[in-house]
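Which chain is which? They are A, B, C and D, in the order written, and residues in each are numbered from 1.
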């Protein structure tokens, strides 16, 4: 019964996130990294239909055979898929049809969950719920992008405040050299990329107790940080020049004042808030300008119990690679994480839009270095 | 009063065309040439607000000052405009807000038209109505593209038949050499590009009484017309190879049968219907393969009283260039046609989705050679 | 014997044009429109080998069977060809090998021409010579581009003066309305696109006796012509903004002075010289700014005996289209001109680098509207 | 004196590598990753002129002030530079002029080296020589690309054999879990990216004593390895499909036989030779198909004394990241390595074209995952 409640809670939360939207907002895809909200709602449903209901629940009737084609994302082993850049051209299925699809699958799932399920399927169910939680975070980030790139800059929710700083002063947390255990251990859920707990040898280092604030980052901007190649990776510098980057995403300099687009629309920047929506290149350049560096993911994890985290995903200096002994699961589920282990950087922590209880200190998020539409921030380290 | 009735009729027709759509269908822009239906509805309204109500009607209150930015299309003299490729990313203004915009402008226009209007403004009003009629044709072509490129291939209207052939046999209409008058003459409305009536000297020629049919075009396909460079312009041949073109747009070869997407969804091809959705390159290649050629726009116009036309826009062998004495009107209206007079080909006639009474034998339509989403067909000529 | 002398003269002239080059200059292709000089030398030779020697001269031994692949340009019917963008990557065959190729083919051709040749082959020979003359003009334009886009801006020949104005004052030549004969007539050589002499009805017009000068064009620049959309075609305006065009090609504003790259390297602009290296967009915008227009190719030809021409190719307002009755020749030779008859504009006249006696008043040159690396200028007309 | 001899040896070797080239081969740049040989010859010379002669040698006369612009590569702090994609368009300076440049700089350098040099400058000199050695390897790889992508496929040297297998049988070298020291230690030269010797904790693993052979890799091809997404990273799979990759670079399937382009031209593949010219994606996919994995760079270094290496650069599963305590040197030299530490993978070992004594077991080479024009191969590992 607990699984049933958990299922209902997670599923309902996805729709709650979308509740302030107009129908039109569910449809568009302004850049390739963003997916239309209705696609997220369909895709997470497709996961339960494809991997749980169809293979395991006798008598289940597929909602629409064509939906596999529309809502598959990357699962090469489960048939053709709509290429990602085309998602924003799909006016059908309509939002209403997708909601019917959700009702159809939820009905079958809830019926199935009302009785004890085979223990072997529980991990798959939990994976499906965590998968939907990941898409809940993407729903927030993609909705912010869609509304924030509309020339009318409509608010998402006039009553939703942006995240506030916790007010703690910045300190350096000293960490001794030593051998640290890294990776997930325990009985709860974790993703496959967290497994393979292993020892990592770290030298003596210190890590900041607080993330970099807007005020901190403004100093970098005002000091000409975006115009001095010395702080940048070569490809970061190309990115800055080619795309004419001058500030974090959603920042606008209007009438002599820095403003940012947020849940309430355009608002003046709050200096004390942690800086958000920066790329890995910007995070690394800021650290270099300041004379420090980003922590590795191992340094971050080893020290994570000693500082507050959770408002921003924090870029680390670690590339996303398999832990020792990493093994792909067989079949389509095996495509989950391993195939992305090249050319991405690890982020640790959680953001203001990460679902409650979804993250943990061993959680490995990952994105390509130039991306900024996630709620990404900066924590400094030094040796 | 006649103008008021005309205004109401035209404005209502735009909304009728959209009536089978779902809200989501109004939003998307699958390729750069297609505009979202809601953009057409807003843009045509913006025309009346910007060029008639704001400069001429005392006391008119602009609906929303930001709409100028969103709904301007190409009018460089009327402020910044949303670049064309971004239109499909605009979830706001919503369809409902655009309908309110239409109500707001219609209310003011109808009030203004309920009394005699200054004679000097009548041409501008008529231009606005013809402008909306042009966008009505684009609404049809863009809606067909949006639905026809959705993997679900939803019908637009299951009861709407595709156009049928008129059943007349093909004949060659013989036209003597001579001097012919070309261009509009009369008191009715015409576009600026039809003016400058002038004499054109034509040699002896013949023009077909009927357009090329699906059956005719299938012969070209089956004879390998798409794989033999000899029939193609050099850039047409590049287009065929690069884009792997093998048939007209919306044609699909499924289970040994040619089908096409139309108003009722996917349907078998009717051999006797006039071929549709071909590019200039395909039209010219077909003519070359057949040993004939396309008519010039002058040959077409000189003979237009002698054959039926109106189901398909017909590609001519004429580039879109100014007639002798062509003058741009001053101001933004002057941007209407002249600035497109390079690198496009003239089409003559009208299509099944051209509004009633909108076309005439001097009407000059124009598109770039590779485009196929209009209802374009082929008529042959020979010397 | 006359043909033999003509052959020798033409062939030698190609090599003379290249004589100031270093070996490295023969190799590069800085943009797709430019071909490496060594490619021109090989391609013109390949023409004689492929179309004359191989099919017609018994005992001729092909120089190298792989050269067909390397030196074919657009002739789809004569086997695969190196795609145009790859030409600049071909370090082999070397310049020396290509010169040996020329010697080999010249030896066979000269032997063949030392006796009377079959009359049926004479047109093909003449075509080959005119073809090489066309490439001689391209050799000049491409060499200028290669050297003029090198950061060292080396001169081609320090002793070669740029073309000077003839000093005649500007006058309007009045041309009465009437029927004019257009197209080539006579016994000399002409290209297939000039044939089909036919009557064109022209209204009353006037055409300038002189081309637009650098001083004239500077007025346009100084008056903000490049920053006012009203004078430009829509796609011309996009071109200006996207490519940040601010002056003709090869013009540089250095230390408060306009200079241009020419045969002698960088030199101050001579105000009285005819403006050169402008695109069709710039020519049309200049004319629009001045309140005039470009002549059609028919107006140009009808008046050509009344003014001096030949320093610059002159953009006309005519698209490159077939004359009435135009027929492609059968076989590969038929690919010569017809397949380019879309999306290009006609230029009339000749330039300072057109071979002597190569042009005539019926000659139809053609290029795409944005291209500027040819020696292109402007002559105005008015109605 | 020893430094003088070393200088002469290194400098002479660069020119020896180029000696089989024709002048034209020095000029071209078929893809952005390849530089023209003459650019390498100029750039390595510019390094000595800019960083040693100009700041440190009184009375030295710069060869040509414009060369800084032409031969700077990535050093943002030393003035503007020719963007990389333009290098192949530079016919000037000519090869002869660059050879004069080399003579000029060598003359000054040799004079300077004939007396004792300030000890503080010795590291910079040694860096310059190692820099030139790196470009010697690039000269080989770029020359192979230039000749191997010419349709005539000319040999580089008909007498130069491709590398042969050493004939040792494949074995698994067992490595115990433990703490290993990683990074350079000693008094010799190393690059900054090897410094920061530190401890790495490794689990128990085994590494192959031999690289993967052509015969091994053919099994992967024949088993459909290139057509089964399960073995590939997501972006590797996109790369395979988009670029239609079916075999290593330079492999051609001709008349039922696999051949490869090598120093002697096109030759049948030798099954026992180590496979070469594979991307990281291919290396990782091969390992996955085989049920193994690539070693990390730490596993490689820890075991390097136990196997033969040096014929192929070996892809590791490690991203190119700074070692703990990595510090950029100040000034332009500081740009050497650090700014490339994102989105590249580490390769260890050396190749058949690495200069003698240039590599060592701590050497960290790095390239982007899809690149194949280096002499890259595969060594397997397992846990």
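One rule holds in what follows: contacts are C-beta pairs under 8 Å (C-beta built on N, C-alpha and C of every residue); 3 or more make two chains touch, one makes a residue touch a chain.
Only a predicted model underlies this, so the values are computations on that prediction, with no experimental measurement involved.
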*Neighbouring chains common to subunit A and subunit D, by label*: none
*Just grab the chain with the largest centre-to-centre distance to subunit A, centres being mean Cα coordinates.*
C
*Roughly how far is subunit A from subunit B, going centre to centre by Cα mean, in whole Å?*
45
*Approximately how many whole Å separate the CA-defined centres of subunit A and subunit C?*
57
_What's the distance between the Cα centroids of subunit B and subunit C, rounded to whole Å?_
36
_For subunit A, residues that touch 2 or more chains besides their own_ = none
*Please categorise the chain-chain contact pattern as a line, ring, star, complete graph or other.*
ring
*Looking at the whole structure, which two-chain pairs count as touching?*
A-B, A-D, B-C, C-D
_Of subunit A, residues touching subunit D in the complex_ = 74, 76-77, 179, 198-203, 205, 229-230, 232-237, 280-281, 284, 293, 317-319, 321-322, 324-325, 334, 339-343, 345, 369, 383
*Which residues of subunit D touch subunit C in their complex?*
22-30, 38, 66, 69-70, 82, 86, 88-96, 146-147, 149-152, 154
